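Each chain gets a letter, A, B and C, in the order it is written, and its residues are counted from 1.
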Amino acid sequence: MNTHPYKPNIATVQDTWYETFGDRCIKTFKVVFDDEEVRDNWTHLPGQCAMIGILGTGESMISISCSPTEGKFLRFSVMRAGKVTKALHELEAGDKMTVRGPYGNTFPVDEWKGKNIITIGGGIGQAPLRPIIEYVRAKKSEYGDLTVVYGARTSADLCFKGEFSELAKVENTSCRLSIDAKEEDWPHYVGFVPALLMEINPSPENTIAITCGPPIMINFVLQNLKKLNFPDDQIYTTLENRMKCGIGKCGRCNAGNLYVCKDGPVFSYAMLKNVPEAFA
Amino acid sequence: MLDLDKLRALAKETISRDDIKYLIGWRQGTYGFRTSPHFVGNLEDAEQLIFSPLCSSNLATYLTLAEKRPVPRGAQPDTRRVAIMVKGCDSRAVVQQLVEQGIKRESVYVIGCPCEGIIDRRKLEEKVPHTLERVEARWENGKIILDLPAGRAAFPRDEIVAGKCLTCRYPNPVIADVTVGEDVEVRGSAGFEDINWLEVKNAQERWAFWRDKVNSCIRCYSCRNVCPMCYCAECILDKLNPAWIQRSVNVSENTAFQLARAFHLAGRCIECGECERVCPVEIPLSHLNRKLVKEVSEQFAFTPGIDPEAKPLLAGYRPNDREAFIL
Amino acid sequence: MKLSKDKLADFLAAIPGKTVFGPQLSGETLRFTPVTRPGNLCPTVNNATVPPKSVVFPQTETMFRFEQGATDIRTAEPSGETVLFGVRPCDARAMSIVDNVFFWDVDDPYYLIRRTNSALVGLACLDPCVNCFCTSMGGGPASTEGLDILLTDLGESYLLEVLTGKGEMLCQSAEKLLSQASSADKEAAKMLQEKAAAQISRQIDPSGIPARLPALWESPIWEKISASCLGCGICTYLCPTCHCFDMQDETEGEESRRYRTWDSCMFSEYTLHASGHNPRPTRRERTRNRINHKFSYFVDKFKVMACVGCGRCINLCPVNIDILDILSQVGEQAL
């Protein structure tokens, strides 16, 4: 069993596919640990991340975008951006990647039992929200209503496209998708996610709102959630920063006095509103 | 001799102008023999300006270091000029930045300060222990005078100034919109006798010398950051994709770093000596750069940072350029 | 106990099976390197430029090795025991402060091994430099915090105080070299130490700083302080409490390794995201972060300020950015 905090485990890519295309495309990897003991002993909860990478290239902290309820595998949705993510995008089924973790805190899934959950995502921001959505779906009777609000610039930029129609069939669950500009054959909302949120007009009563996405979207979503009278401790988000060690030693991922790798990545708005660097 | 009141009056007049954003000069440091770069934004700040043999910083580096913040929507960019005080060597940096179009002529207002030589803090500290009380210095009749707590101390100039000052051929700024003080005589002679002691060594001896020095390098990049000519938006050293030079600190990578920087400065280094001054482990970087200055001078009869109309040396060629080194 | 100076070489030689590190000239720089000839030690000159943190937290350290294309990872745990000789009390205190980070929640295996296998033989500072301010930061020229032995230079000999079990074990092998210290010796040492503490002229009361910093987040002082900053790594690399590092992979021929190497929050790409976004885009934000980290965030997490008053950053900053000056400004600025 590997207890060395920096030594990664080896995992094999079982399946991989593109969610979106273009220069900053997003590719999803479904991976399984090679070592049986690691596979059996791995536990994680929604919200947590892992350092994934390639030996000889480096590592990148990516949120684990599957719920532990889905099976003994891990899913990562990676945007092609820099040195490591470019190398990760070269991987195909059968290739190896390194994985260490899980790191960070979790969405407080026990505290949220019995509550309604509304997730508000934009673009790649849906990746850290997917695990909590799947977790709640798997344990639906323990939670209230689930509302998934998700938007992207165009329909091609939406991640996990095939999953929403099935998700909408789950009891007390609704999916509201949006794209920025009109497209032929698009039957859903056209406009920005924060505006769609106002149209849905969710009640803050016994409801938790979780938002992830581009900074500008988060900014407006937070403003609107306040307009809808959501208390600060009922609004959650995840932060990200450049990371190296993932365990609070290398010093670089702090937003104010909070280390995103250890005190986060899950934060309530109550924790962040007095941390100016949180939204830098 | 420089009149401080005149300097401060000029500074106040300058920053009161509509077309000047701020002024960069020097002020007394926080202890002993130190001075620090001083950014003057108002009349009160101007009162602290000094110009003395302790003013070592080459302020031209700030012309390319200052970050340009994004302009808020609807607002106009601030196109006012930056006023900058320059010694002779510093002014060559301004000229070279102009030649390379790193800065525009209309964005700077150059205040030339003829200079009789800058104290080398290490040479001074061998003679006089450092004090907490702040010390003033001035040039007087070929000597450098220090007002120490124990009393006035006078040193012959050549004993106490930096190596670069001993070979300096441009003590009077080569570019200036206004000048403070009188022009001074040129003391340095043409030629490169200062690096002869290295040149006479054979290749193995030279490598042994540099290997020992480069082994001390802690890759703090102070030499690169202080250099007025190092202003690439993305330095080759910071590039990870590909990683031309690794971030690991050892003789191999350190040598690659030092040589890369020296070669990137070939034909551009204006010999201000700041790299050597700032190095916390006292690597004699000036000697490395002087060697390349010598090569450029001998191979191409070129001196950078003198003529604002000149073309950058390595950006062009002349048909009769020497080719002996091409195999 | 007392150790005569002419017996120092024998004392060091008597330490069994441990590599002794001490302040020696490496090029022109005083730093802690393995002692092969005790004559090369320079313990009585000013403090080493590169702090002894470089022994337990080397600038570049291999984490593990592997071959390109293979999946076998061989971790590179350090081995061997060390004795750090001539450590100033400020640097020893600093190591105890840095321990907080490397043992926070998860033990850093490399640091853990090097640190637990090291013994610190301290040397009291009898001639503090102009910029030392250890006494303002909870330390002092003869502070024993973090040391296993403290030596005080009495001229011909050292007064030797054993402080920990580790220190005792070090002395066991050299028992015959040590003599009894008289009460006059102890008096002399005490007087020298007090004289040294009195010599420290730069003082500050930092106690109010952590509480003031949050309210000064948008203060104009950060712009002013950082205007002359070159963004180099001198203050961070030479600071005994700074501990940030980068991790990279490199390949030479068939062999590859993952290593870690010192990094600085003052470098522009320290927090640069792959997307191109940088939450600390200018020197103003980075300077503000550095001061807040040392005097506010570190206090929040570990109840101690990450500064021991060694003065290196003041002595070596090329543009005379002075941390005491910054702290005074923080102390005086209207909230």
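By our rule, contacts are C-beta pairs under 8 Å (C-beta built on N, C-alpha and C of every residue); 3 or more make two chains touch, one makes a residue touch a chain.
Only a predicted model underlies this, so the values are computations on that prediction, with no experimental measurement involved.
Engineer: Please list the single chain whose C-alpha centre lies closest to the global protein C-alpha centre.
Structural biologist: Going by the distance between chain centres and the overall C-alpha centre, it is C.
Engineer: Contact counts by the stated rule: is the higher one at B-C or A-B?
Structural biologist: When the contacts at B-C and A-B are counted, B-C has more.
Engineer: Taking each chain's centre as the mean of its CA atoms, which one is most distant from subunit A?
Structural biologist: With centres defined by C-alpha atoms, farthest from subunit A sits B.
Engineer: Whole-Å distance, subunit A centre to subunit C centre, using C-alpha means?
Structural biologist: 39
Engineer: What whole-Å value do you get for the distance between subunit B and subunit C if each is reduced to the mean of its CA atoms?
Structural biologist: 31
Engineer: Measure off the straight-line distance from the CA centroid of subunit A to the CA centroid of subunit B, and report it in whole Å.
Structural biologist: One centre to the other, that is 49 Å.
Engineer: Subunit A: which residues touch two or more other chains?
Structural biologist: Touching at least two other chains: 82-83.
Engineer: Check each residue of subunit B and list the ones that touch at least two other chains.
Structural biologist: Subunit B, residues with two or more chain partners: 240.
Engineer: For subunit C, which residues are shared contacts with two or more other chains?
Structural biologist: 246, 248
Engineer: Going by the contact rule set out above, which residues of subunit C touch subunit B in the complex?
Structural biologist: 26-29, 49-50, 59-60, 129-131, 201-202, 224, 227-228, 230-234, 237-238, 246, 248, 250, 259, 261-262, 264, 267-269, 281-283, 314, 316, 318-322, 324-325
Engineer: Under the touch definition given earlier, write down the residues of subunit A that touch subunit B in their complex.
Structural biologist: Going by the criterion above, the answer is residues 82-83, 86.
Engineer: Subunit C touches which residues of subunit B in the complex?
Structural biologist: 29-32, 34-39, 57, 61-62, 65, 67, 69, 130-132, 212-213, 215-216, 218-222, 224-226, 238, 240, 243, 246-250, 274, 277-278, 280-283
Engineer: Hey, which residues of subunit B end up touching subunit A in the complex?
Structural biologist: Spelled out, the residues of subunit B in touch with subunit A are 240-241.
Engineer: What part of subunit C is in contact with subunit A in the complex they form?
Structural biologist: It is residues 63-64, 66, 68, 70-71, 73, 75, 101-102, 104-109, 214, 217-218, 243-249, 251, 256, 258, 260, 263, 265, 270-275, 279-280, 285, 289, 292-293, 296-297, 300-301 of subunit C that touch subunit A.
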